[in-house]
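In structure tokens below, several structures.
Both complexes shown next keep chain A, but they swap its partner, so chain B is in the first and chain C is in the second.
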Partner chain A sequence: MSIVTVQLGQCGNQIGHEVFNAICSDVHGTHGLCSKKENESYCDACKERFFCEEESEVPVARAVLVDMEPKVISQTLSMAARSGYWKYDDRSHFCQKQGSGNNWANGYSVHGPRHKEVIMNLVQKEAEKCDRLGGFFTIMSMAGGTGSGLGAYVTQCLRDAFPTSFILNHVIWPYGTGEIIVQNYNSVLTLSHLYQSSDALLVHENDVIHKICAQLMNIKQISFRDVNQVIAHQLGSVFQPTYTAEGGLHYSRNPLGDLMETLVPHPEFKMLGLRNIPQMPENSLAYSTFSWPGLIKHLRQMLIANAKMEEGIDWQVRPPRLGLHPLSHSANKPLQFNTSIANLVILRGKDMHSVDLGSFRDPSLYTSWLNPQDAFNVWKTPRAFNKYEKSASLVSNSQFLLKPLDNVVGKAWNMFASKAYIHQYTKFGIEEEDFLDSFTALEQVISSYTIL
Partner chain B sequence: TTCLLLPLENSSSFLSRTSFYNNCWFFPSMYCLSLYNQIRFVKSALWYHGYGRPELYRLPSDGSAGSRELLLAFSWLLHRLSLLEQLLARNRVKTGDETSVCTCEDDLPNSQTGTTEIAPEYGLEDRVDVRYLQWLNGRLRFQWRSLHAQHQEQCKLLHKIHLFTSGSHMDQTLGHFSVTETDLVRQPENYKQLLQLLELETMQLEAFLEWKQLEPVYWQWMVMNQTDFEGIFSQKSTILFPLPFFPLQVKTKEEELQKEEFSATARKIQESVELKLLNLTHLCAPKKTQLHGSCRLVFRSKHPASKMAVSATEVIRELQMREASLERELKQLQEECRQRLDEIAEGLDGVICISP
Partner chain C sequence: KGIYDEALSSFFRNVDTRSGGDGPDIYKGKICSLKARALLIDMEEGVVNEILQGPLRDVFDSKQLITDVSGSGNNWAVGHKLYGSQYRENIVEKLRKAAEHCDCLQCFFIIHSMGGGTGSGLGTFVLNLLEDEFPEVYRFVTSVYPSGEDDVITSPYNTVLAMKELNEHADCVLPIENESLFDIVNKIHQMINSGKLGSTVKQNSLVTSSAGSAKTVQEKPFDAMNNIVANLLLNLTSSARFEGSLNMDLNEISMNLVPFPRLHYLVSSLTPLYTLADVNVPSRRLDQMFSDAFSREHQLIQADPKHSLYLACALLVRGNVQVSDLRRNIERLKPSLHFVSWNQEGWKTGLCSVPPVGHSHSLLSLANNTCVKPTFIELKDRFMKLYKKKAHLHHYLHVDGMEQSCFSEAISSLSDLIEEYNELDATKGGPRTDPSRLKIAV
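Here is the complex of A and B:
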């Protein structure tokens, strides 16, 4: 089964490129630490997912690149071609001469409808190349103009054109102190629109990744590229092939479907967060050893204390004791505790069969209306990922995003109340009523996640 | 005692139990289920098919009792669903590529028109969070989508095979190989397996014929044992078996009736029977435009579609007409609801109701 990646805007294109790079270098690496046969089926499954190999020497990424400026796309295309391991299809991109000027409305109401046909044609062509189209993976930033505005529009078009395909939107949450004055407006509009047409939103916060680069990767001067590589590594750790069924004999051919079915069947809860362990500079890997119990213990505490990385975890946070207040379960729980709806743990590498994940099957971790059997899943593979002898990732549908979401909506609302910058949106056809609809939709999301 | 397939085990010349399980379409890998789940599953499957005898659903979930009830239920399935015929049809060795076509209006396979839609009473506990149900519903939706993608892939691959092998088949009307045939061309040694399957099928058919000859004995034996099923006739949902039960029923009914009411009741019964018969003739009437069942897939590139083929435009036109009529019905119902709401609102003091 194949996934068609849609890279939108500067951010989406740069991250998309890093994702394909990470996947490719993982496949070509000699670090697999598993049998030759295992490695072969892993590579085959990976290639089917992300690349097609018709008439060309190197694999061609199943991707559509969209931006309103030509610069980033041409850079991306040439960098991929130069790698010698993979490339983009020369005809599978679309760009214009002028950007969206960080205006969501411009991307959504002007560029979107104007270029819909060309973009959707490219997507259709990519989709037809797949024997089995599993779904779409769109990558975009939430706060800018092209990625977010056009991205929201394209996602809507994807939903209309492919009503039975899975759509996973990867969105980059802006820095808390971003340089775009209207980033909160853009974010509110993006999220509320995606929430309607997408099946799940996988969120990466720039602030968090920045911290990971500084504290775990020991990078002194952090560039966009560093940030993007960490994101790509995390995404790869989820989307590279795994066995999704207990005792399965084949690598899953339906990664998006399996992911969605596990984590986001409920249409009101679509926010996914991603954590991984370990994460460290490549040159330190040789001097480090890890034990599965240690990794799992950390990962679990990262989940319940809502820590985004293994450093600075609050070990005081404990799950609420069940049964004490059956009726006011959510009201009486400790404030810092992060309640989950559903979790998916992905284990890669040596001895992963012996790992005890009982601590993730604790009912007190989850909302009262789901039991751990429904709410918790594991994917595994003995094949090591990107030079990590053992690694674990956690995709979680939980309250982790409540605070940032509340912040963004609050800030945007304050600006909206004083009618600041609204005219920039109305002039492209996004009216105050549209804003109000978006605010309402997100307040609903916040309230749903709050009363788990 | 919980073995549902008791009669099958006895007639040893029929399918072995293992192969029966493996080929069974309504027991998804039965061996993977725990006993508790097996029992739950059997109960819900029977409920789904419309088996209404409460004694079965009251059986303990640890499997400690119930072989008689199961025997009765099994016989009911055997008779009602034509179970064996269905299984044989389902497990037929297919050398050609087939697809299921259904243009029936209700989209239900014929055999399932008798299924119930009411939820079993024993199933869900009293308090279920609606969010859990939404979650389960969402999962079903996603699983359906995955199935859909899988089916599309199958179509795509079939098309490739048919296209690449066109002109290779001896049979001019077909022109191309099927999946099985392509596999045989590529790996000729697989014919042994195919032969084995065909031989197995022949055996099954022979066994089936034998069973058909002996079947009356089975039913007679069942009827002889019917006294053991206490209260079988006292239930509302009487189980209808072939002949022998019927006279008995009528007799009890007759005794209940008082003479003066007799003619009125008789008329009523007569009317309801006529109505049911009318329904039946309607249901069983041959519908020319409606296809249902398995069809052999044959790839045609340029030839015009044959008479039997389903024409997409025709189906679309029919669907559009249906959509229009449903919309009319919806509007009418909405209007009725609005009127009823208005009536209700009038009866309430101090309440202003704004109709939607």
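Here is the complex of A and C:
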């Protein structure tokens, strides 16, 4: 089954490019560390998912590139073509001359309806190239105007045109400060709209990735490229082929569907966070060895202590003891403990069959209304990923994003109370009422995640 | 000859002069003949003629000029009312022509002075025309404000009358004061002559190019000063012209920096002013560039943003600067700056990878800051001094369409603006109480 990626705006296009790069270098790497047969079926599964080969000599990404200004797309297309390993379809992109100006309303209410037909035609064509369409993966930032505003609009259109396909929105959470001044407004509008039409939102926070670049990857002068490469690596670690528990000896053919089934049991909860270990500079890899129990122990503590990376984990945090106060479960739990709805662990590398994941099945990690057996799932493959002989990823529907969400809504609300910048939105037809609706929807989400 | 590319096309058309310049633009390939996407308007002939005889004569042709012979006599009313109605058709037609040659018209730049008659009067008339004819296109105005010891007696009148138009019809105004430009030019001059920078000063860098030698500075101080303003506009548009890892279009500037429609006056500063064009810039000097952008001496008006209240701030960086450099410097500078309570994180940033010619990196900072207020208060005082005595009023009132109410409306528009800044200033340093959030029934 195939996934069609939709790259929206500067951020979405830059990250999308890095994702295909990461997938390709993984496939072409000599670090598979598994049998030839294993590697072949892994590569085949990967190609079916992300590339179509048509008549061209290199794989062509199953992607649609959309931006409202031309510079980033033309740069992205030519960089991909130069790589020699893969490329984008020459016709599968759409851009305009003038960007959305960081204005969500401009992207959503003006550019969206105006360019709907062209964009959806491109998507339709890409979808028709798939023997079986598994769903859509959109990549966008929620801070600007094009990714966020047009992205929200396009997601709605995808939902209408493909009512039975899965839609996973990859959303870049902006730096807390310093990118775009109206980013909190744009974020509130984006998240509230995506919550209506998307199946799940997979979130990466720029601040977190920036820290990973500095502390784990030891990069001195961090560029957006560095940040995007870490994001791409993490996404690759989830979406490269794996065996699922049910799938037996075949690589899963429906990664988006499997992901939703595992992680999104209730439409009120669709915010997914991603953690990945280990992460280190390439030149340190040769001097490092990893053991599965060590990786799992760290990943599990990262989950319950809500650590964003494998450094500075708070080892004091423990799950609450169940059964003591069944009615006031949430009120009595230790403050820092991160309650989950559902978790998915992905293991890549040799001996992954021997790994004991009992610590992730502990019912005290999860909210009480879901059967713990249904709340945890694991995907595996003996094939190593991207030069790491062993690696583990965690996709979690938990309180990971509660605090960032509360921050964004709080800051946007402060600004909204002074009515600052509202005139920029009403100019394009987004009224105060629309803001209030969005605030209400997100306060509801915050409240739901809080009382887990 | 060079190649005509996207970056060049933002300010210039590429035309085949054999067809008289009216033929279709040549989009790809070699530069044929460049024509500025510009309209030159003056109500006398001297300056425009000088341009037409200067080194840039080829980028303008007679179809881009509108001139008269008699000037506006430092009278806003003559420029705005008299010449406005007289030249309206002509201006509109030439604007439309110029606009037709653009495949994506993003923005108009109006460059004028506030103190005289033509720039101030006819300039703001053109501003209104643009709003009528091209309501969707952003209007950025670069306004040179007169200094206290200006030799035009009526300059306070002209400036205040023009301010009302800017308040109502501009999307963004970048105020400039000659005094500040003059100080900056002098400082560059001193640095070069003091030898402090040794032989590493790049004489031909953009900022110093026409101030290359001490002699030219004295002979033509305006060239060096104008150069600074030109660089302001170049840096302002760099991210729209060249690629970068964090692009910033012009429409993002007003979106991020203008929280309320009338508060659209942005104080700008350029750094470094005297760049040594070393290729490898140590990080300390890079950080110095960020510090300088907030110092009083680098502002293009006489103002001190550091000790006033920020509503919003944009940093447009060019050259080899990465997001981590930006973040480090914002974190470093933030504690020393005051931001309005509802915009504590009011930073907008752009990263353009192409530096200015001859430099390794540069920074343009745009601040929406209450520090513009003293300039406006001083202007108001100087206006009132004349207005109380009704001095020179008759020169204005005898122009058709000019009434006394124009004056009272203009001054109350300015007073309102000052009051808006006052209200914001009053929130500075007070206790911060966040508005209570929406409650969800559980």
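Please note the rule applied: the second predicted complex is superposed on the first by the 450 of 452 C-alpha atoms of A that agree within 3 Å, B and C clash if a C-alpha of one lies under 4 Å from a C-alpha of the other, contacts with A are read in each partner's own complex, and residues count from 1 in each chain.
Everything below uses one rule, namely that a contact is a pair of C-beta atoms (placed from the backbone, for glycine too) under 8 Å apart; a residue touches a chain by one contact, two chains touch by 3 or more.
Please read these numbers as outputs of a predicted model, since none were measured by experiment.
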(message) Please determine, from the superposition on chain A, whether chain B and chain C clash or fit.
(response) fit
(request) See if chain A has more residues touched by chain B or by chain C, and give me that chain. (result) C
(message) Output check: A:Gly29 vs chain B and chain C. Expected answer is one of first, second, both, neither. What do you get?
(response) neither
(request) Name the contact category of A:Asn254: first (chain B only), second (chain C only), both, or neither. (result) first
(request) Could you look at A:Pro113 and tell me whether it touches chain B, chain C, both or neither (first, second, both, neither)? (result) neither
(request) Tell me which partner A:Gly134 touches in the superposition: chain B (first), chain C (second), both or neither. (result) first
(request) Applying the touch criterion given at the start, work out whether A:His210 contacts chain B, chain C, both or neither, answering first, second, both or neither. (result) second
(request) Please state, to the nearest 10 degrees, the angle that the Cα centres of chain B and chain C subtend at the Cα centre of chain A after superposition. (result) 140
(message) Can you report the least C-alpha distance between chain B and chain C in the superposed arrangement, rounded to whole Å?
(response) 14
(message) Using the touch definition from the top, list the residues of chain A that touch chain C in their complex.
(response) 10, 14, 69-72, 75, 96-99, 101-103, 145, 175-182, 210, 213-214, 219-225, 227, 409-411, 413-415, 417-418, 420-421, 423-424, 439-440, 443-444, 446-447, 451
(message) List the residues on chain B that touch chain A in their complex, please.
(response) 129, 131-132, 134-139, 141-143, 145-146, 148-150, 152-153, 156-157
(message) If we count contacts the way the header does, which residues on chain C are in touch with chain A in the complex?
(response) 6, 103-104, 106, 243, 245-247, 249, 251-252, 254-261, 312, 322-327, 330, 334, 341-349, 351, 434-435, 437-440, 442
(message) If we count contacts the way the header does, which residues on chain A are in touch with chain B in the complex?
(response) 1, 131-134, 164-166, 199, 254, 257, 260-261, 264-268, 367-370, 374
